[in-house]
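In what comes next, chain A is part of two complexes: it sits with chain B in the first one and with chain C in the second one.
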Partner chain A sequence: MITTLKSFQYFHPNTVEEAVQILNKYGDRAKVLAGGTDLIPSMKRQKIAPQYVVYINDISQLKHIDFGAEEGLRIGALVSHHSIASSSIIREKFQLLAKACNKVGTPHVRRMGTIGGNICMAGPSQDTIPALLVLEAQMKVVSLQGERIIPVDEFFTGPFQTAITGEEIVTEIQIPCPPSDSVADYQWVTKRTVVDETLVGVAALLGMDLDRGVCKGARIALGSVGPKPFRAREAEEIIKGEKLESKLIEAVAQAAAEETKPRSRADYRRREVGLLVKSTLEHLWSQLR
Partner chain B sequence: MSKEIARFTINGRECELLIEPCTSLLEVLRDHLELTGTKSSCGVGECGSCTVLIDNKPQLSCLTLAITVQGKNIVTIEGLASGNNLHPIQQAFVDCGAVQCGFCTPGMILTAKALLDDNPNPSRDEVKEALSGNLCRCTGYVKIVDAVLAAAQIMKKGGA
Partner chain C sequence: MERELSVVGKRLPRIDAPAKVTGEAKYTVDIKLPGMLFGKVLRSPYAHAMILKIDKSKAEKLPGVEAVITSEDIPVKLFNSGLTDLLVPEEIAKNDPRDQYVLSNKARFVGDAIAAVAARDRKVAEAALDLIEVEYKALPAVFDVVEAMKPGAPKIHDFANGNIARHISFPGAIGDIEKGFQEADVMIEETFNTTKQLHCPLEPSACIASFDSIGRLTVWSPTQLLYLARHKIADIFDIPEGKIRWITPFVGGSFGNALTLRAEPICIALARKTRKPVKLEYSSEEQFIATQSRQPFTIAVKMGVKNDGAITALQGKLTANSGAYYSLSGTTTNVCMAMFATLYRCPNVSVEADIVYTNIPISGGYRGYGNPQAMWALEQVVDVAARRVGMDPVEFRLKNYRRAGDPGWTASLPIESCALEECIKLGMDKIGWREKMGGTKEGVKRRGIGMAIQRHVSGTQPMQMTHSNIMIKMNVDGSADLMVSGCEMGQGMFGVLAQIAAEELGLQIGKIHVVNGDTDETMFDDGQHASRTTYVIGNAIIETARQVKQQLLERASKILATRVDDMYVRDGQIYVRGDLENKISVEDITRRATYNFEGQGRNIAGKCSYVPKGNPPPYSAVFAEVEVDINNGATKLLKIVFAHDIGRAINPTNVEGQLEGGVMHGIGYALTEEYMVNGNNGVVESDSFTNYKIPSTLDMPNVEVIIVEQPTPSGPFGAKSVGECGLNAVAPAIANAIYDATGARVRDLRITPEKILEELSANIL
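And now, the complex of A and B:
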């Protein structure tokens, strides 16, 4: 049984400004603590032992869900998976994100864990990332020096690695409105373990040219089959301007499987990518026709 | 490292403790306050046996630093009965045979309490979903779900 944590100095800023001041001082020796559902287990397993822990979960500035037809969706980094999955606007307009958040862990974990923590942990199997990739989200990141915007496909640099420095925090996830006449979904299979970690996750978004009855374009993102979740760009290319007939769907599934680089159980994972891409596209296509 | 003061309400009582910031709420409950009804098992968020209510929501005390619950209202299994009268959910667990070794029971009951406070008339599936983060190695869950549904009926009749 894992029970105790190594000592650290504790800070509990109430504003973003206070938080980044502390991080500016301690940099990589400090760790930000949000819901703690990833960080506390990592500390208990002694994978990391920060000297300073900066608890940000009381920062009320980072708990918003705002939506506007022009600006799209803005989610504060500290919004929990539970709040996202039960938000009516997200369920209506960004259903695959609600579905991905509802896949995470258990009801307790979804209530404690935040979307900011999910992306900053940056594990290859983290469930919100494929959805954020196809929604072409961007992260607002703040440090003492100011703020910058990082597009989701530049945010992840490797397994458990992100483009943010130890002096920065993610404050907001910004998601543009999906293209009109588009549909999207997230599907997965899990390992059969106590935490049902995602073995393969597939998010897809199809844009439709309703007049011509063809697919204008597709975005496909794969999780847990490479060092980080990624867009399967070659598979996406095959779809552009085409009708999604079963032969084409087979070709897309095959292309997606070939773009993967699983570290373990590679044959099984590749086969699952093919099957999941196929079932996701068939499901979406049936909604569009 | 230096200790800090944590203040919160536990089962209706104000409480002030000097603790190291690395202490989990689970350790504070069991080792400092001797409230051993809250069970410690996996320690990493997987089993739900350490569930407590923080501001009426089920949370995992093994993943919660005690220093972060400043000013919050915490309820453990010791806080449910009034005197010698069991809470209706506790009584239903006894009556339905939903307790075997009992290790998962405190977490199950607190999770069920939060569900019924939110949704007094849940379906069987809603009960299963709400309890899906609480593992039981003994019962096979059927009687636990029966007990929560039975408690819902009793509480609706004003038994709480």
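And now, the complex of A and C:
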């Protein structure tokens, strides 16, 4: 019922160095503010009441989208969903990420919200995470002590929980080039309306052995059907070295559904996982052949 | 011969549009008074609790706080927050419990108002809330009507045994229901459940109250019923009514939400205590939990039908969830019963309802009132019945619907006009009924079509007292001020009333200035409810305009040396019939009347009190086309065709807007909106737009509106109503289409993929 925020001290550093200095001082009493599309509503509803708010959106170092054939894609943590979805290089080479970012909220939310904020929020239904899981991204994390790299599947530790500490910020998302002869896609259904939280999200990447005409391997990630988005490893195993015939796809879909642990609407979500995995794989397989 | 219209029937732009697009339009929250304080309300965190003690001393000491009030600081007068009980005589009104205080002395839902603060700024007011110490003793709570009626259930109000606030037997019951069942060849028995839908107006409730130095109170608030709100406030606070001025600025949408008092009593109590102006704005969350919403019903239907499709008996047993207080539960239930019982011809009808208290937020009236709930049940039962006797559901309806000359809501007022057949015919063609009926029976994506009809009201005659009082005053430049009580809440009232006034006066639309919603300037009107404005106020305006026109013509007749009957006014000119050259402008007349140097001075003006003579019901036929994915149960709405019997469209664009908006509400009711209350603690989980989902434009199918114009005898230029009609029958049309596509019959709102799948798997077994 409260509409105004609890008072806090506000910082707006211009560099990563300044930001981590402030965080080093205040630790868990401080909160990083990027696009604010998650943090501000949470503060208004008094789910959290940080004493210090560190606004990082002025840090121009973190707004880059760089690509090199060797080093892959590097996205600054402060790049907005809109910028990702409209970047030509991402649309060309990492289409599923562009698609996932374009799914997030409304045009306003996509312009305000950042990819760093999306992953740091770390909710089970966050839309960029399944895509980042199948792209095997890693996060560059910086603190006063230095920097470290955290692979995406170690980054999320639980619902709304990540491996970074209160003194650290994510500065960059690093995405290696996808394997050659691979295709990938993200598909989802929402809870009720078109603009709504994701009920089930499925990202999949298929690598092709063109000589043998079979699948070299597959990566499948599921969102919103467990405490955090995760790779459906057992389902992936089934595909290795196989042709994706409809029977096999059924088996993969079944296996993926069995790997889920949905909290609510469990039966329905499971059924939807099976259907979405199936339609995603069918779509990808048709592109490869 | 029908007279040629020059303003009515035209697609004119809204006259409030410039003010709204430039931001000039003032809403209650835009108003600021010098020295104004800000109010805030402390709400109960418990669904049901005794209040043992309230210590407000710490809050009072906070610098900037000017008052902290609890139930002990305000009049000990129970009232009903609904306003329409004022429209029936006390011996009837008193059947509806008065069960609310301005601030509660016992918490009955999470969000019940317990205390309030006025402070010099918002932040201080909020900080003060945290300092009020309330000692609660939590009581067991009950959220479900069935549980609430069981022996031993927690008692929410002392007077209500079994938590039954009121039992109502439909007064229009006829025949012998058992006999009707016996005569039937086919019996249909089905039970339906509806949900607590939220109005979701853009503007949350807000109020400003200010007492002047001689004790006169001015209130600004977005109410739909300003005179009634004033009357009830005068009673609660024991203030002579003439000492209250009530102003309704532009209203940011309401859809029935402001048919009750909302923030006003608490705001006025704070102003009374501090003797300073106070503004109380509800937050969006408060709007979600602390104002009323659509009353949920369980409706058990028994219908008897002959093999030829004649209905022999119709029985409804209704249980309504009133929430923690009674509010508009009685009138909503009455409307639900009447709509249920009188849409079709049937010699044996009986409807009974229990209105039950629970510890959830208050239920009340929402666009359509009880009609959407009634149609959800009835229009599906009719679909079932038609299929059981092997009739096309359209034919079944055409055989049985009550039409012109049949009794309407009450036997005393027969149905004045009805263009349902035309609506159905045009709608069937547009949707492709004959080709598509029966759906596609193969593949994963199944298509189907369904339809439903509805009949609504044009006001409340003769159920409630109703009249409209209008003044029209001419200015010396030949323009007119139209003084009318009411509120422009987005429905387009200003434009429609100005079009009616302009047409009857013979002026151009730009010559009409609408003065509105201020009890110091405009006379009594019962307000914006029951889709009455165009029909009732429109007729009142015509009568007033005729008086004005008579005065204009009398003066013109002297100047033009012609009989009054031989003249007419058009586009601001008074003409002599058959002699276009012999004319004088209205401006000339009005100037010479006011600045009159012959001792005949007069401000040309008219005033009338108008009691509606009828209540011509508008009908609609709604057709829905859906595509259901039988793998995941997802419904895609492909198309809605909505044919409406309007009588006359004063402004067709506005009629389309009302219907499209209504359809959107209906789609939300059917498919997306779900009010979720935590079954353990009574906390409303859907308290924001993030988790209470109304459809957006992206969820809307193609909506085709067909306006059927067959002027009704008693309507202004033949007009009937439209405001509420758009949503009443949308949900059952969609449900019937889903059945057509898949064979899944969903009886409980909202229609979820899970419910469809469940029905499908039951059918296969």
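Odds and ends about this structure:
As a working rule, the second predicted complex is superposed on the first by the 284 of 289 C-alpha atoms of A that agree within 3 Å, B and C clash if a C-alpha of one lies under 4 Å from a C-alpha of the other, contacts with A are read in each partner's own complex, and residues count from 1 in each chain.
Heads up, the rule we're going with is that a contact is a pair of C-beta atoms (placed from the backbone, for glycine too) under 8 Å apart; a residue touches a chain by one contact, two chains touch by 3 or more.
Nothing here was measured: the structure is a model prediction, and the numbers come from that model.
Contacts of A:Tyr268 after superposition: chain C is touched, whereas chain B is not reached.
Looking at the shared chain after the overlay, A:Arg111 reaches chain B, while chain C stays out of its contact range. In the superposition on chain A, contact of A:Val189 is made with chain C only, not with chain B. Ranking chain B and chain C by residues of chain A touched puts B first.
Of the two partner chains placed by the overlay, only chain B lies in contact with A:Tyr55; chain C stays clear of it.
When both complexes are overlaid on chain A, the residue A:Ile164 reaches neither chain B nor chain C. In the superposition on chain A, the residues of chain A contacting both chain B and chain C are 1-4, 41, 45, 194-195.
Across the complex, chain A is touched by residues 41, 43, 111, 122-123, 126, 283-286, 631-634, 671-672, 674, 690, 693-696, 698-699, 753-754, 757 of chain C. Those residues of chain B that touch chain A in the complex are listed here as 1-2, 4, 20-24, 26-27, 40-48, 51, 57-60, 62-65, 67-68, 70, 111, 129-130, 132-133, 135. Looking at the complex, you find that chain A touches chain B at residues 1-10, 12, 33, 35-37, 40-41, 44-45, 53, 55, 57-58, 105-109, 111-112, 194-195. Here chain A touches chain C in the complex through residues 1-4, 41, 45, 189, 191-197, 265, 267-268, 271-272, 275, going by the rule given at the top.
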